[in-house]
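Every chain is named by a letter (A, B, C and D) in the order it is written, and numbering of its residues begins at 1.
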C-alpha cells in the first residue's frame, strides 16, 4: 500500500519549470531514493512534499490525507519529518536542547507555559542522541560540532518528531568516507527498528544502492524511470542521461 | 534565556529594591518606581524580540493602549483598581491579538515596519479621539485609589506588580513554551519542521508581550496621573528597543539591565546638561563601537552553560 | 565638545553616587523651571528661561529675598507631558523644590499642574493659554499668567471689528489652543460671518490643501493659529498663491513676536494682525525701557523676544509672594499669591484671588515694514489690558 | 469644490509637487536599505542637517539664486562628507556584526545630531527665502502656479532618472546591485565592496540633505524638523517596496496625493488616514507595491 502518493506535481519558478508532472507512489516501509543530476529538481520536489514550497499544480497525498498547500507543521503532525541538504539545526543551542525542543514540539506541549523545560524529556533526548551516536556531544553547542555530527544531530531532531515517513535530503553530503559508512549503517538500523518509510535523495550511488529498495530518477524535473534498483540500473534512459555522464 | 546566575541576580535586584524605601529619601523611591515601570516594559518587548526573533518597532502602542484604558476605567468609569488593571491588560492583549494576527505573517524588517505603522496609527488615533483620550492635551488626571496616592505605597505596589510579572515571565521563559519560542527565534524553518505552528506561536508571544506592555502602561498612567499621545510615538518605541538591545536579547535579565542603565543615564545627564540627548547619543555610540558584541555579549555569558 | 560631554558624564556619575546622600544645607530658595529646551519649540524655552534668569539675577543682586538667594533648576520638558512630570518629581523629591515655573505648553503644563495639586507645590504656568489650566483643572496651587483663550477671544473680536471683517474663515493646528480660541471668537463675534474652519494636524509640513481652501473661501479675513515653524512654513507656501493679497489676516499664537519675524525677514507677510506679550520697541514706560535694556544685554541683541517677560513676571510674582508670606512654605506662598499685585515692566499685574489668573496685557497690532528696523514689527500697535 | 477644474488642477499639481519633494529624501533611504540592508533611522536627522547647512551657506552668500544653489550643493557635499566619516569610522566596523548594532548606531546618530544642530545653530527658528528666480508664480494656461513648486515637481523625475541611470546603466550601479545580492562573491571577484558601500551610504545621505535644503524655502529650519519626515519616508519606501527605486517614486506620489486630497476631504483627520493607508497596504502587500515577495514570509 502506498503511504505517499504524488500526482502530476509541477512547480514553476517564473518561466523555469523545476518539477514537471511528477507522479510517484512511495510504498509503506520502502526505502525509496530519488536520484538525478544536480539541478534535476530533487530538493524542490522535497520542498513540495514537505510543505516548504507549494506546487503550481498537482497533488500530494499522505495516506488518505491531501498534503499539498498544508503548512509544514501540519505535515509534520501528519507523520512526516525531514532533514535538509545543508544542516539545519538550532546552532546556538546544545545538541541536547536541539533534541529536547523537538520532543517538546512532538509532544504538542509547545504552548505549555507553566511546565519547566529544564529536564523535560531528558531520557528520551539522551536516548535519541545515543541512537545517532552524539551522546558525548550532548552539552556542546550544535555549531561547535563537526559537520558529520551535525547531520547526525539533525537526524535525531527529525526522529524526535516520531515520523512514519522520513525525508532525508542528501544525508551523507559533505561527510568523510568513514562518516558516510557509519551513517549508512545508522539509517538502515533506524529505519528497520522504527518501521519507517524512507524517502531520500543522494548523489552517492554507493549509498543509494546500499540502502534503497526502490529508486526514481529525476531529470530536468521529470521522472524518467522508477522501480527496483536493479531495474533502474539497467534502464537505458537512465544510463544515457544520468549514469552515462558519471 | 534563564539560568541560575540570572536568578541570583534577580533576587539581588529585588532585595536591593526592597531596601530603597528605607533610605530615608523620597527621590530614590520615585526613581526606582520609574525604572521598574520601564524595565517591565522592556521585559515585555523581549518576549517578542528575545524569544521569537521579531523586533517590533511599535511596541509603545501597547504601552499607550494599556495606559489609556487604565486611565479611562479608573477615572471615567470609576472601576476598582483590580478590575481596571485587568481591563487594561485585556484591552492591550486584545489589541495585540488583532494587530499581531496581521503582523506575525511577516518576516524581519517587514514585521518591524508593519508594527511601526500600527503604532503610528495608534498615536494618530490617540491624538484625534478627544472624547476618550483627551486629544493632544492628553488624559489629564487619573483617579488613583486613595491607598496608592502615597509614593511609598505606590512603590510597593509597583514592586509587587513587577515582581509578579517577572516571576510569570520567568516561568514562561523556562517553560516548554519558552524553549519552543527560543527555537523559533533561532530557526523558524526548522521549528516549523518540528511540527510547531510558528505563526501561532509568534502570535501568542505577541499577545503576551502586548499584555505586559499594557500592564506597564497602566502603572505608568497611574504614576504620571495621566496618559499622553507621545507615549505611542515612534521615539518611545525606539527607546525601548535601545533598552532591550543594550541589555541583550539573549538573556532574561538583559532588558531589565538595559532599561535601568538607559533610564538612569538619561535622568542623570538631563540634570547636568541641556545637551543630554547629545551625551546619551555618544554613550550609546561608545557602547556600540567599543563593545561590538555589545552588553549583549557580556551578559549572554551569564546564560551560557559554564564549565569550571 | 566631546571633552565637555565626557566631563559632564563624569559629573553626572558623581552626581549619581551622591543621589541618596542627604540634601545640602538649605541656604537658597530653589525654583524648578521646566521648559522646552530641545525640539522645535526650543526657542520658547530659551526665551522664557532668559526672563527667569534676568529676574533671578536682579533679585539676587540686591541680596535675594530676606537674605536668601534664588537658585534656578532648569529641566527639559521635551514637549512630553510624562517627561515633564518625571522632571517635576525629580525636582520636588530630590532637590526639595517647592515652586515650579512652567512648563510652556498646554499639555505639559496641565500634566505638571496635576502633580502640583497632589504634592502641594506652587506652580506658575507662565505662557500656556489653555482655559483648562485654571478652568476645569483649577486647584489651590496652580496660577496662570498668560491671558487665556477666552480673554484672547474677546480681544481678537475687537481687532476683527476694527479692521471691518465681515466674514472670517478659521485655520490652524488641530490642538487645544486652536479649538478654545476659535470657540471664544465665535461666541463673541456677533454679526461677523463664520465662513468655515480648515484645520491641519499639529506640525504639518505641507499646507497646500488648506491654502487652496482658504483662497477659495468667501471670507474676507483669515484667523489662524499656526505657530513657530508651522507659521513660517504656512506663510512661505501661501505667499506665491497670493493669499495675503486677497485676504486680511489675524493670527494668534504670539505671531507678533520677534522669533518668527526674525526668521522670516522680508518673507513675513505685510499687514498681518497679530499679538505678542512683549515687544522690544515699546516706549510707553520707563519700567519697560529698563527691563528691555537689561534683557537686551542678557540676550546679546537689541531686538528681544516676547517670551522672557512671561518668565520674568513669574519669578517676580513668586519672589513677591515669598516676601509677603515671610516664608517659603508653599501653602503660605500660595495664600500670598492670591490677589497679589506686582509692578511689571508693563504696569501693575494682579493675580485674581478666585480665578488664579493674572491680568496680563498683550500688544495687538499690524505687522509691517518699519524704516530702520531690520525685521518687520507691529506698527501701529496698542497695549491691550 | 473639486468640481472646479482649476481647483482640481492646482490640487493635483500640489500632490505631484509634494510627492516629488518627498521622493528625493525617500530615495536616499531606499537606496541605503537596498544595498546596505540598514534601516537608517537617522535619515530624518540627515535631512535636518542638510537644511541647516543650506541655511548657513545662504546666510554667507545672500538670498540670491547663486546663494540658494550653492546652499543646496553645500548641503549635499557637507552631509556627504559627514556620511563618509560615519561610514568609514563607524558603520564599516559593524557590517559583519549583528544588524541590531547598526540599528542602535542609527538611533545614536539621531540623538547626537538633534543636539548638534542646537549647539551649532542655536534653538532659534530659521528660514531660507525662495531664490528670486524661483519665487512668484508662472502662468500654466489654466492658472498661475508657484514657480518653486513647479521646480520641485520637475526636479523629482530628474533625480529619479539620474538615480535609475546610475544604478542600471553604470558600472558602479551594477556593482552596487551585485553587492546587494552577494557581498562575499563580489569581494572574491576583487571588487572593493567597502568602497561601494561607502559610496551608496554617502549618496543616500546626500539625497536626504539635498531634500532638506530643497524643503527649506517651503518650511522652517528648526531643531524638531526631523521627527515626522522620517516617518513619511518610511511610509513611502514601505508602500513602494523596500529597496525599490521605482517603488519609492510611486510611493511618494501616493503619499503626495493622499496628503493633499486627504486633507481636502478629511481635514485634520488626514493624519489617521495616512497611517491607516500604510497599514492597509502592508497587510495586503507586505513587500510593497514594487518589492520582491520572496523574503517576506517564513
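Here, contacts are C-beta pairs under 8 Å (C-beta built on N, C-alpha and C of every residue); 3 or more make two chains touch, one makes a residue touch a chain.
Model, not experiment: these values are computed from the prediction.
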Distance-to-centre winner among chains (Cα means, whole assembly as reference): B
From subunit C, the most remote chain by mean C-alpha position: A
Interchain centroid distance [CA atoms averaged], subunit C/subunit D, Å: 34
Inter-chain centre distance, subunit A versus subunit C - centres from mean C-alpha coordinates, in Å: 73
For subunit A paired with subunit B, centre-to-centre distance based on mean C-alpha positions, whole Å: 42
Centre distance in Å when subunit A and subunit D are each reduced to the mean of their C-alpha atoms: 48
Multi-chain contact residues (two or more partners), subunit D: 114-115, 118-119, 227, 268, 271
Shared interface positions of subunit C, touching two or more other chains: 1, 37-38, 174, 201
Graph class of chain-chain contacts, one of line, ring, star, complete, other: other
All chain pairs that touch each other: A-B, B-C, B-D, C-D
Subunit A partner contacts - residues on subunit B that touch it in the complex: 171-172, 174-180, 182-183, 186-187, 189-198, 201, 204, 305
Residue ranges of subunit C in contact with subunit B within the complex: 1-2, 5, 8-9, 11-13, 15-16, 19-20, 22, 37-38, 74-76, 79-82, 85-87, 89-90, 93-94, 106-107, 110-111, 114-115, 118, 130, 132, 137, 174-176, 201-202
Subunit A residues touching subunit B - in the complex, by the definition given at the top: 50, 52, 71-74, 76-77, 81-82, 88-94, 97, 100-102, 104-106, 108-118, 120, 139, 157-158, 160-161
Touching residues (chain side subunit C, partner subunit D) in the complex: 1, 37-43, 45-46, 174, 198-201, 203, 205-206, 208-210, 212-213, 216, 228-230, 232-233, 236-237, 240-242, 259-260, 262-267
For the subunit B and subunit C complex, residues of the former touching the latter: 23-31, 34, 124, 127-128, 135-138, 140-141, 149, 151, 220, 224-226, 228, 230-231, 264-265, 267-279, 282-283
